[in-house]
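Input: one structure, supplied below.
Labels run A, B, C and D following the written order; every chain starts at residue 1.
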Amino acid sequence: MNDGRMIEIDKVGVKNIKYPIVVLDKVNGLQHTIATIDMYVNLPHHYKGTHMSRFVEILHTNKSLINMKDFPNILREMKYRLNAEAAHVSIRFPYFIKKEAPVSKIESFMEYQCGMFGSMDATDKMKEFIVSVAVPINTLCPCSKEISEFGAHNQRGITKVSVRFKRFFWIEDLITIVEKCASSDIYSILKREDEKFVTEHAYENPKFVEDVVRDIAETLSKDANITWFTIEAENFESIHNHSAYAFLERNNIAREPDKTDEKK
Amino acid sequence: MNDGRMIEIDKVGVKNIKYPIVVLDKVNGLQHTIATIDMYVNLPHHYKGTHMSRFVEILHTNKSLINMKDFPNILREMKYRLNAEAAHVSIRFPYFIKKEAPVSKIESFMEYQCGMFGSMDATDKMKEFIVSVAVPINTLCPCSKEISEFGAHNQRGITKVSVRFKRFFWIEDLITIVEKCASSDIYSILKREDEKFVTEHAYENPKFVEDVVRDIAETLSKDANITWFTIEAENFESIHNHSAYAFLERNNIAREPDKTDEKK
Amino acid sequence: MNDGRMIEIDKVGVKNIKYPIVVLDKVNGLQHTIATIDMYVNLPHHYKGTHMSRFVEILHTNKSLINMKDFPNILREMKYRLNAEAAHVSIRFPYFIKKEAPVSKIESFMEYQCGMFGSMDATDKMKEFIVSVAVPINTLCPCSKEISEFGAHNQRGITKVSVRFKRFFWIEDLITIVEKCASSDIYSILKREDEKFVTEHAYENPKFVEDVVRDIAETLSKDANITWFTIEAENFESIHNHSAYAFLERNNIAREPDKTDEKK
Amino acid sequence: MNDGRMIEIDKVGVKNIKYPIVVLDKVNGLQHTIATIDMYVNLPHHYKGTHMSRFVEILHTNKSLINMKDFPNILREMKYRLNAEAAHVSIRFPYFIKKEAPVSKIESFMEYQCGMFGSMDATDKMKEFIVSVAVPINTLCPCSKEISEFGAHNQRGITKVSVRFKRFFWIEDLITIVEKCASSDIYSILKREDEKFVTEHAYENPKFVEDVVRDIAETLSKDANITWFTIEAENFESIHNHSAYAFLERNNIAREPDKTDEKK
């Protein structure tokens, strides 16, 4: 059907569809999870509407394995099947990692919200490809520690890192980078000896949201595989009913021609 | 219209309507806020459907003032206008209280989620009337404090108290009872001297979720105006990605015939 | 540690923990999904606190398979490991069913929110055991159809059914009962011929929220395996910014001594 | 305190604070509402942390009136009080408009989620200033209407418009533009005669999400006060469990030097 309004639409498609997917798991090979997915294409001005059913058809066909390597194929298929010049996909999913408690070594699963976001333009190459992880952490306030006779307020926070990158990497490794920059990482099971360790470790590593984003930025800026990143740290302040927040965006492009990295 | 399935429906009506309301304010007389409201009546088996539009008409007419005294009138009007034997209303709203920081005395608003829930049966009397407050607090873990050389994990928590009662009371007073049972109450603005005070005060008043519900229960069980209560404390644990939780329900009915209370 | 306040706590434990689980699948045997879980026990008045870490330990050990038959074992283990007289578990999870479009027969996954809720008391028997499903459906308004020259407003709704039961049943079958009582069930993929079918089918089967709960109640009240049920239908009205809602609760206890059922 | 990591932070401050505010109301002069607010400044590399308490102090002082004209003053005060080169504020709030039903003329309040988003840089001028409205509407599917013998699926949708602009405008007028581009606008109270009108009006004005964003774009592109806009339409599909979505972004900059507009 033709449309006379002469207005191209940037993105049209399906939003917030829940679908079972399988992702790569560094330890176990594969992990079953459940994604929340948006899939859009552009719509040239002369078309009245897109074919909504084809998005989920493509998703259903490709559902068996969502990974960084095959992600561009989904976008390419969307462009082809929907006769479009641009395609956009967002896939968010919880990812579980088995973690050992720091002293007792007891095992439990921790949940991390992860995501892949990609856009493809007329060239059939990825114009944008971002992977993100959201990592729950503990932060202990340096100011509170400094000014108080004893104790220091601390709280759960969520730190989200999004990256553009050159080659495949394991999201487990990005999560580890974030956890290392917290006052303490957090766990699903802690026995008494673990709780003592985590409490003291956090007290000895006080961090503002400002420190968290800076420490992660220092690490990522040395990573030749990361060409761009954003870091946002949100603390669910234990002494307030609102969050403390810090955000930082950086290009690592200056490091692009670093040939030594390629030799590794 | 008649219905032949011979099935009475317990509750039918409108759910999750947002509406501007005015509630009583202990300090300022009145407070404008925005409510999320459910309104239901029963539907006898011979009626095919209720009159959905009349619920919001009643709400619109009564919106000028929602308070404990006039609340039963809304239910009575629902029964009358909808020709029903039972009526149920739930009104949840954020309520703001101006609070002074503990040392600097600087003022700011704190938000508390409050609610009124009522049911009326064929007798035109309130069969159920509950008022609730949800109070964000700070809790510091007694175990973590005890076993650690220094520091103690603490976090924001939400403690919700629901009560049945004999006579009008100020929700401000119920909120104060909850805040007194926390490791520390929390604030929208804290200057350095306040942060020191709050940090040290929390460290000197460690509380499990178990302690929070018990301390509040001790206070409420001595209140002759409260005939029944539930208390639930949820801690957004700073060392875990899940909550610690405690819940307690009590009748104060044994205290009902306490004549000395009535003389006050 | 002892506590002197002489106050027993009804429920204490962990809330809103996310964990990977495996549930039974009528077609495929097993299905991987992700649960949101609460686990509580009672706490006698003389104990100061419960052992929070043991809940997740029990969960981690039992995670491999959550089903109606083994569910009581989790509660029994909680009572034993936590030295408690009562235990409570709530497990909510998305469940996916592969569905064929009504005409084209094209396949896609539909998501249903399901849950298991159980309580065990001092007798080591289940005091409460409820299974629930939340089914997204289409409802077309009978009143709108009747009074309008053409068209009728319709919308997505969620109908939630919770049941107590005698013997194992497939949640797939309970979902089918709900979908049959809608104006139309809904799908993740519909081709043109399917969309025509669904539109016309809904127009020929107009349903109020009142009709949806009554039709399901009629079916469930004839099911000898169901001893009690609640049904709630919520319509996200397409002509309003709020929901229409109906709720109904019934005991099927009168049918309990039906011996012929036992012979099956 | 100094920081040696040499990393400037783009945004640091408070997030998701709830605060009572007063906004301009075209009919009544003023409207009390409750905002969710983020306030950030940049942090030069040599500072260790920002002064979190000052954000809420500024908010508390300015809370009496949030409007397009005074909005830049909040940002200027943030820069000054926090010694920063850039400031960012996001204020989201529900806004209620009294609406007459189309035939019965009965009155009720409709809720619209609105927002103001601004950034100021070193020049003390607004670098970015966006006002947004989210309008719940009814959309009836043109395809479903065309291919079906009778009826057509329709649903509630939310259409969000964000604009950059030259001079003050009433958000009521932007909301009206969106509602005119829907299959039908929606209401909190509709009597039978209104429901007939709305049902038939929607059937006669079928709209895809694509049509909604294009129709609004046509109107806004002729508005000389609007220099840039985004439009996103999301339909909570009544035949699917996911949304249909369309998004469009446009500059109106070509029209900037249009002197005739100024004469109006």
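Just so we're on the same page, a contact is a pair of C-beta atoms (placed from the backbone, for glycine too) under 8 Å apart; a residue touches a chain by one contact, two chains touch by 3 or more.
Note that the coordinates shown come from a computational prediction; the quantities given were computed from them, not determined experimentally.
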- Message: From the centre of chain D, which other chain's Cα mean sits the farthest off?
- Response: C
- Query: Counting C-beta pairs in contact, does B-D beat A-D or the other way around?
  - Reply: A-D
- Overlaying chain B on chain C by their Cα positions calls for a rotation, in degrees to the nearest 5, of 180
- Task: Can you check how far apart chain A and chain D are, centre to centre, with Cα atoms defining each centre and the answer in Å?
- Result: 27
- Task: Using mean C-alpha positions as chain centres, tell me how far chain B is from chain D in Å, no decimals.
- Result: 31
- Message: Touching at least two other chains at once: which residues of chain D meet that condition?
- Response: 17-18, 56, 111, 143, 188, 190, 240-242
- Note on the structure: Within the complex, chain C is touched by chain A residues 17-20, 32-34, 53, 56-57, 60, 63, 94, 96, 106-109, 111, 188-191
- Within the complex, chain B is touched by chain C residues 3, 5, 7-18, 38, 40, 43, 48-50, 52, 56, 142-143, 208-211, 213-215, 217-218, 234, 241-249
- Query: Can you list the residues on chain C that touch chain D in the complex?
  - Reply: 110-111, 136, 138, 140-141, 143-144, 147-156, 184, 186-188, 190, 192, 195-196, 198-200, 202-203, 236-242
